[in-house]
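Shared between the two complexes below is subunit A, which pairs with subunit B and subunit C, respectively.
Moving on to the complex of A and B:
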């Protein structure tokens, strides 16, 4: 081929095309090659440095939760018919795949009490950003108001996308652990295209969702709620409190932590926003013989038809992860989801009482909580966490990593995998760790 | 679906839009050619009353089973009425594009603009 284009060597090709001044005149600074067997050993050694959630008692949550995943989820996910999550461009050939999407959408719709759901998006944060973009398409207003109770990663994704399509992002702070109601109402005006809160918020506090939604009633804003789906067995669903668009992280539904992904995001809305929704939507229909069948519907919203005016440029749903979600919800059932919510509520309150009784530990806020709560430690949080982990227990997330206003905050999450004995052990170990840190601070001072 | 027709009492914009003048207001819609090219119309996303529209710029969207298209304003002005009947019966655009399928009524802001539009014969000539 080189001779065909009239150069003698690869170097000559580069010499003639790329100015010498911009070329790296030395080899890349990389280690020498390794034999396959050595690479295997090297990667194994690297992997061994991770601590899996299975290897410690973890109270770490902050958006991703260590719920038990039943075997039926893996069994169905590993079927080869489902393992290719891409929706084909002639999708009707995959009736089983479309039926799964349809069943998933139905489950999300029932869970959120909103009439329309898409077939899922990448994950929670991009679902939040996509909801703001939906508002931009729907009303064209220049501003989005977002509570600081929304997950920091979701706010970061929102800022990234908003900078591109042109939304000013205004953050409203927290007061006593929940969105500051007066500042929230004050930030909403006739230029506000969307308002976004999270339920429960990042600090685990249950927001007064109906009041936050009502505050936007006289504005053009689309009301967006980012909901943890697990507590929806015991909390009022978004569709019943004035939320127009409900989104959220789907990981807790049948997906393991898996080092942070992949997971899926869910996206549900009122009928008014049906044609502004991103992503794919499966619909039910009848074939020429009157038999039940499934199609991808409303595709004129999508990028392969609508080009630059598409409602999103993500047509790949996280179908395999969403399959895990609908299998998990089906496995739990209506009553199971309520029972799970009640169990988490009880354990969370037991844990909050047990931990706030520890010397040097107090509640960061007194708001109602359902599966996660925030503490203040009278000792350096990162060092306390390290001491606990040395004792085989992960006490939670250092809130100061994301919130300058809570440098002493620790966020503690519960799943059904954490027993009363685990909680009692956490109280002992956390107490010892805080005491040790206070002691060493006292000694050094 | 009705047969091809381009009434003589209308003015036409080459982007396949028509205007029916009535004093200082006008009614807008899309032509028989436009609805035929789109196919079965399933949804209309109208502007709000009070919105200002500019000749040659999009002011609404029409969705058919195969595409979504911008609708171009043939003249400039302010929307004073929207055909809300299309919400329940978007197919009126196919069945009666110059009657029941009208889109908006506009209070015109520039008398001179209408000279830039085509008559039925001029518009029909652009289609061949």
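Moving on to the complex of A and C:
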């Protein structure tokens, strides 16, 4: 090969192109390579040092949920034809992936009752920030109003991005577990470019989404709702309450927990924002023989065509995770999503009743909940959680880690994998843990 | 005609069995005003129908496991299957991101080790794994620059990028609230130094550069470029899309870069998934470390790992949780499989393969119609211009690309970089054999011969694909982006 190229050595190839001063003159300081079976053992040993949802009964949610991932999802995600291609730049040989995107867009559009969906963005929290950027491009107004019911990571991502283009982010607090309606209405003015709430909110409470959207009606603001997709079989969808842009974390739809990613974010909107959408969009067309086919469309929005005038810098998104999403929704089917929503609604109610019956535990709010709810503990939350985990149950998320106003809060999440038996056990163990902490506090006092 | 999943099935069909209601049913838990009236019109199919539909769709995709995929700047290298196996271990795949760090020590150790390895490859001391893809890493890098300058009481307004830059660079500049200033390219394919000198002043925050750049050219003036940029107090940003050319050979930190992003889905074998997921970690110099996204992984004196979220100067968070951990598992497995020598060998072979393919094309006479745009040698990829082919043979680069499909190859990147007329950007990667490179060169030469006889063959290609050329203009003019019911 070297003689074909016309060089004497591999070194010559580099010597002729890279100045010696910037060549690395030593080997990389990394461990030596390993055989496949040894790498497997190393990675297995690391995995064994984690306590996963396989190892404990977990009620941890707060943005990612331990739903069952059907076997067909794994099988399809592992197929070379879906796993290993690049973004479909050559549509003639990418009809499979492009049609999956089209079907995914349809499924998201149906879930949200909004006519436009892109083919995925990175994940939930950054999708919230991306929605605010869409609003910035659409109306240029310098203020974003966001409910503190929005996931703290999403609010953080929003602030990070808004700091770049210099917009102000105003947070509106919660009252009785939901966005404070008066403060919300008061914060929205003619300088407000976007208003953002989450449904259900971070504390699990179902917001009066129609009222939140209506409060922005006389302002220029784009109404953004960040929706958990799982309850959308039973909850009124964003498109029916006045939401302009719906986004959300797609992990619950057939994606693993994976310690936080990769999953996907969905991004849907009204027709008015079609040409301001970030990311890929698949569209239907036909070939020269009149055969139905699919292509990436409206690409003049995108960075590879429009460069500094693009609607977003996103390139690689989450196609494989979105595939898992549409396969999961197909697996659930039209009635399955509703049945799943009803099951979670009932079990969540049962769990809230069972846990608030425990001594030293009360509801943090009384709002309707569908899959997650917030409690107050009369004992140090972190220590109660540790006691429960030692007994094989993860009771949920210590809300005080993100909210100074709820230092005693515990957020408990349900999936279809958490049965009545699990809930009853949680009630027993949580009760014992709270009692033990109160006892030791009493003793030390 | 291909039906969508929404056009298949029948009422009542399903794959999912809902667990039985095991708690007392209670009415009225959700106020009627909050209830959905009509369920979403999701498909109604059985599991066998679902499987057949998506497996059949998969067969309408070309993929890296089936054939050569020399898509320039995308680094389509082999994706070892071990990585899928280890990423699927429940200890990784069912680990909740909010698990107590004390009970996620394996994951944090893996991330720590990956950070250390990436820092060594970059030649920069600190790494954040958080960004979700290359473009997200770019945004992080430019926002870090903004935070650095703001911390020093400076408000700079411009970011420089060369005209060879990936489209994500200028788009990122705008998103981060800067004005874009373009730099010209010199006769060698590198940054026009005079243009840089003229434009580099105290208003410039950053220069974003890819090295080797999208022409496959290593900019040999890189030290001088770094000096000019640093003299005016700007940062030098390294777009890591082309890192596959220099692992273990030349380090961005040693070239003078302050911030680097990696594409784990390019150099480090995360499968592309048909358009993601990816992962875009960043490495930074010491003076930029205080601004890194939060949380950062820290190691205590006892060797245990924790997440530090209390970082007063941090730019904040770019996304939820700690990043795309599933990608970290795969890339870490790759780095441990190859080790120091293996990574260097990968880059050497990538550059060797690119130069060999270029030489084969020269030997076969293909470069007469498709001349190399810049230079004589190349790094891991090279750019040909289809302008003479278009003039002499009456076929465009697009036609050549479409005809390659009939030969069973994925075409190179086409019409990029923008400054080369009728560009073809070819990146073979290190995991292809000499036989594959020979066959691809032959196919290109054959298409040129065929066009000399009858250009209409290429102009109407492809013929052997599931569909033929698609009407993209119609798709954009009257967008149909969802199933109609």
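What we mean here is this: the second predicted complex is superposed on the first by the 391 of 445 C-alpha atoms of A that agree within 3 Å, B and C clash if a C-alpha of one lies under 4 Å from a C-alpha of the other, contacts with A are read in each partner's own complex, and residues count from 1 in each chain.
We adopt the following convention: contacts are C-beta pairs under 8 Å (C-beta built on N, C-alpha and C of every residue); 3 or more make two chains touch, one makes a residue touch a chain.
Everything numeric in this text was worked out from a predicted model, so none of it was measured.
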So, does A:440 touch the first partner subunit B, the second partner subunit C, both, or neither? neither
In the overlay, answer first, second, both or neither for which of subunit B and subunit C A:17 touches. second
Between subunit B and subunit C, whom does A:305 touch in the aligned arrangement: first, second, both, or neither? both
Of the two partner chains, subunit B (first) and subunit C (second), which one does A:190 touch, if any: first, second, both, or neither? neither
For A:339, using the defined touch cut-off, is the partner it touches subunit B, subunit C, both, or neither? Pick first, second, both or neither. second
Across the two complexes, find the residues of subunit A that touch subunit B and also touch subunit C. 300, 305-306, 309
For the subunit B and subunit A complex, residues of the former touching the latter: 43, 45, 63-68
So in the complex, which bits of subunit A are touching subunit B? 275, 300-301, 305-306, 309
